[in-house]
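Just dropping this structure here.
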Amino acid sequence: MLRIGVIGCGAIGRDHMRRLRDLVPDATVTACSDYFPESAKLAAKQYDIPHVYDTGEELIESAEVEAVLIASSDASHAGYVLACIRQGKPVFCEKPLAQTSADCEKIIEAEMSGGKRLVQVGFMRRYDPGYREMKRIVQSGELGNPLMIHAVHRNMHQPDGLTSEMGVSNIAIHELDICRWLLDDEYKNGQVLKVRQSSYSVKGYDNPQIVLLETGMGCRIDVEVQLSDGYGYDIQCQVVCEKGTVSLPDPYAVVTRSEAGRIMPILTDWSQRFIQAYDIELNEWVQAVKNNGGYGPGSWDGYAACVAADTLNRSRNTGRFMEIQMMPKPDLYADGSN
Amino acid sequence: MLRIGVIGCGAIGRDHMRRLRDLVPDATVTACSDYFPESAKLAAKQYDIPHVYDTGEELIESAEVEAVLIASSDASHAGYVLACIRQGKPVFCEKPLAQTSADCEKIIEAEMSGGKRLVQVGFMRRYDPGYREMKRIVQSGELGNPLMIHAVHRNMHQPDGLTSEMGVSNIAIHELDICRWLLDDEYKNGQVLKVRQSSYSVKGYDNPQIVLLETGMGCRIDVEVQLSDGYGYDIQCQVVCEKGTVSLPDPYAVVTRSEAGRIMPILTDWSQRFIQAYDIELNEWVQAVKNNGGYGPGSWDGYAACVAADTLNRSRNTGRFMEIQMMPKPDLYADGSN
Amino acid sequence: MLRIGVIGCGAIGRDHMRRLRDLVPDATVTACSDYFPESAKLAAKQYDIPHVYDTGEELIESAEVEAVLIASSDASHAGYVLACIRQGKPVFCEKPLAQTSADCEKIIEAEMSGGKRLVQVGFMRRYDPGYREMKRIVQSGELGNPLMIHAVHRNMHQPDGLTSEMGVSNIAIHELDICRWLLDDEYKNGQVLKVRQSSYSVKGYDNPQIVLLETGMGCRIDVEVQLSDGYGYDIQCQVVCEKGTVSLPDPYAVVTRSEAGRIMPILTDWSQRFIQAYDIELNEWVQAVKNNGGYGPGSWDGYAACVAADTLNRSRNTGRFMEIQMMPKPDLYADGSN
Amino acid sequence: MLRIGVIGCGAIGRDHMRRLRDLVPDATVTACSDYFPESAKLAAKQYDIPHVYDTGEELIESAEVEAVLIASSDASHAGYVLACIRQGKPVFCEKPLAQTSADCEKIIEAEMSGGKRLVQVGFMRRYDPGYREMKRIVQSGELGNPLMIHAVHRNMHQPDGLTSEMGVSNIAIHELDICRWLLDDEYKNGQVLKVRQSSYSVKGYDNPQIVLLETGMGCRIDVEVQLSDGYGYDIQCQVVCEKGTVSLPDPYAVVTRSEAGRIMPILTDWSQRFIQAYDIELNEWVQAVKNNGGYGPGSWDGYAACVAADTLNRSRNTGRFMEIQMMPKPDLYADGSN
């Protein structure tokens, strides 16, 4: 039984507690903590968690805790991850890994100095069977080299406080990760385009936005991002290769024919779309911790997404492709992840 | 210019006049007649038709008329067709060819005595590009032998006066024709099943109905028939072969995504579904008349559909498969049609 | 921790062991047995099962075992189920519940004399999200009453020893269960039709077959069954209601466009199709055992499927619909299952 | 009978002759000419065309000719169109209207000085039922304002002599026209992106290319262009509106299931894709000539596409959006076309 401590007892943290308890064998949630101590106590009660700590740091240092899952607020991620590395404890950190590329670099340096991978970032789409099959086909070479990706990320709802920049750093970040993973390539440049704005979504941030990227191999990526007020939660992705294309399927959904229409429902809430991916993700992470290897997306991937997001946000309104400058890839991450 | 006389100036007759005038080269409507003389005069005015006759018989006998198109009431079809054969004039007769198999047999005898084909029946689905491609694939043998057909015929509206029997003889008759054409086989037996009735469609006739057929080769066919009050006009057909299936496509229609649904509209009116088939049908018929050969579905096909429909209607409520007994196929029709 | 004993350590039994170990919380496999003792020992070793018994009866009677899962050969099911009932232990029995309706009736009587439900039958499709959504829509009444079901069950491979009758009692049995569950209705009559046989599948049994059923409310069901040698493992189901239809979706699968075709892969192995359903099934069964209620398909459902299959097999080659005669439904099963 | 003269007796010219003869009522091809006189004579013989002229100019000036259809080489278009305007004769010119925007401006000036529209350009996609339905939906406002278009234009084959620039001016030109028509808006800026090149298509021109455009209202358009060596001839277009999207359907094609795949064929040749659009286009043009109004895409549309293509080609390899500068729209074209 891997004893896991969970930092952050909000909706996502509690969903992971349920998942670890109900669906992940060989793991147990032994401890939790939250910025609001009352939340931690409530979660502990609901999920029979024996240890509650006042701070994430105490949880990380506790001898009861063998591995850590971070689901706290974005701003706290980097600090907790560094604390885990100092303790030599494996850590699963919800995206983003950090809010600045400087913090991501610190994490990479810390992890490198320990000489082994400890960090996994919660880019759960890599565990979705559709994306995995797409990657398998692209890698197999049966369609030739990949040349382009057309992607769409449409949302209905967002919590308050969203900004134009978060449209890239918190929403399109999933595409920033999945596209470089699908193509097995790093980004060379990119820009964010402003689009005619939706009059149904006047909230102080740019909506929609278009993200353009070019990879080292010259692959081009376009991502349409509807931050909110779309017709549903709809994720689309097509990889265009030399000899054909492969597309992410619409989710499994019954089709009705009625009132002179053939209708397939579209999800309205992101939490339903990648449920299976979340389940597989935590199962595989627990196995990786136990095997001391075979981790999914790590610090390097968190860093790559962060640098791309930062650069894209700086490019906004310039009309220019801006160079995405990354440090050389350390050997520690050379084998590729996932 | 093939000079055609049209008998019957109702909606279908006038639609054929428009088609012959606007879309069929080398043909002109030279004459028309109708049971209601006023209708004939109106149509003649609308479509610049020089000759109007008081009766169909006069039209058929007129030296102005080289070929005849019959779009009058069902009960009048057989008599007009026989008159055309007597005059040795090619005739295109809307379905049904006749209302009894005895009348169909008379037509076959008359046509045989003339020694050449003169009659084409308006089974327009044989000209639909979808059904034609299905037939091409079945005949090619690439999927092995055909074994079954699953078909669906759903309607929204019917004119007054419909009966349970007409659900087979006037509605499912299109499937009776198209299935034996797709399979290149005759029917051996069949029955009509009554189904739980739709409470939204209480009109004095059985709705829905299911038609079951077996062919000489042992192929099984099921046809779901919604006579009226369906969600749209929806025609589906799948041929199941030894190594795979081939299906009629839904009509070409834009797909929208909105309000949490992916929606493809379904037609509501039969007249839109096979427009292209009607156009091709009349074009090819005019060419066949000119070439004195190469006709589409003929008297034998009208007879086969009629015998099957009669037998099916007699089987209603018996719970038994009833033998479908046809005369031997005359050599005149041996080469297959269409 | 619910301590479960598994009888039968073949492929399906071991798959359930893996599932109970890895995916079902609050349950553990405490014991196993097999007709071949060596198989039981191997499985015990692979899955860390502490107790191995020489016979299923010993396992059932053991104080270590709180609930039993039966995955042994079909012929042994009824005896083990009855032994479980005698011990008052909850039992999950893979389909079929028994090989004769007489044995099913014995099980029902035994369960009734105990006064509470103990038996669940492994009709896993009821746990598939697609079928569940179909049932939700049918029950909601939004499409009006259900009138018909068109179903297809196509296989590629079968183990040796299959017979024509098993095409109904072991293969179409899934449709026999799911259709009465979708319609919430019992069968009134049915027949099996022989179809033109596939020349690619000459194995001593009828292939394909068509199953026709009528329910008490008059709903009609047709099931095309390809026992083997089909183009894939393909399960299709459409419920036709008064105001529209609802269809089981094709499984979630990426779509490629290449070589002038748009291609969606079809599964070739049944074990992949309902993986998620199996997972949910066992999870919910364990919860039902713990809650002493809320079971899925039970003895009555096993009996209903068995009576229908028997009657259908007797109807083979008669060309007649044969009455499906069931005992009155005992109150114990009145609340409906699942 | 509208007497039409056809200039250019190559494949496209002869296809239009066939169409005018067989499918367009009230029109006849009275004359033809070709750069190679022998070609004109052959076509005249094949299509029973009474008059053959040595030059296009003679044809245009002939009293036999009431309206002109230009299907000659691209470089000759502008000169013939101007000659037609001088004669006051309606002219249908295959795209492009001219090879430079200066020539397009001359045509606009000439047409304006005559005070009425005479020119229609062969942007046939505007007559495709799919695009028309998309436009109807966008214009209806039911999906809110249009914000973006994602388009794809993939080809298998090209004649010799293709250049990178022609990828925009001769291939993507169809999207340049259809997108501004769908959005009812003019272009503000654009650029062509070079993409990782296909190793299966090394022919001296950039392949694939991506075209980016922004309209006056701020709508963004991306067009993926595979000039050749694609998996098929595949045209896709999605308009993204505030409240939903609408997409061009795949062409009507039967679906097969075999060998563990569901397969829909994709066309391989452009000539099949828009057959119906060509037919409707010429029919409506002939009606417009007769009605002296109601023309489809005209000089302004040819000019707009030409200016956009020129600007896009100048932007190539600059990494910048380049302003697309058009003259003010003359009143003559104010009512919108088509």
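Lettered A, B, C and D in written order, each chain numbered from 1.
Criterion: a residue touches a chain if its C-beta (ideal position, glycine included) is under 8 Å from a C-beta of that chain, and two chains touch if they have at least 3 such contacts.
This structure is a prediction, so every number in the text was calculated from the model and none was measured.
Visitor: Provide the labels of all chains in contact with chain A and in contact with chain D.
Guide: B, C
Visitor: Where centres are the averaged C-alpha coordinates, which chain has the largest centre distance to chain B?
Guide: Using the mean of the C-alpha atoms as each chain's centre, the farthest one from chain B is A.
Visitor: Across the interfaces A-C and A-B, which one involves more C-beta pairs in contact?
Guide: Between A-C and A-B, the larger count of C-beta pairs in contact belongs to A-C.
Visitor: Just curious, how far off is chain B from chain A if you go by their C-alpha centres, in Å?
Guide: Their C-alpha centroids are separated by 58 Å.
Visitor: Measuring centre to centre with CA averages, how many angstrom lie between chain B and chain C?
Guide: 44
Visitor: Measuring centre to centre with CA averages, how many angstrom lie between chain A and chain C?
Guide: 38
Visitor: For chain B, give me the residues that contact two or more of the other chains.
Guide: Where chain B meets two or more other chains at a single residue, that happens at 231, 243-245, 257-259.
Visitor: Within their complex, state which residues of chain C touch chain B.
Guide: On the chain C side, the touching residues are 144-148, 150, 152, 193-201, 208, 210, 212, 214-215, 217-220, 222, 224, 231, 240, 242-245, 319-321.
Visitor: Would you mind writing out the residues of chain C in touch with chain D in their complex?
Guide: 231-232, 234, 250, 257-268
Visitor: So in the complex, the part of chain A that touches chain C is made up of which residues?
Guide: For this pair, the touching residues of chain A are 21-23, 25, 129-130, 133-134, 137, 143, 243-249, 251-259, 264, 276, 283.
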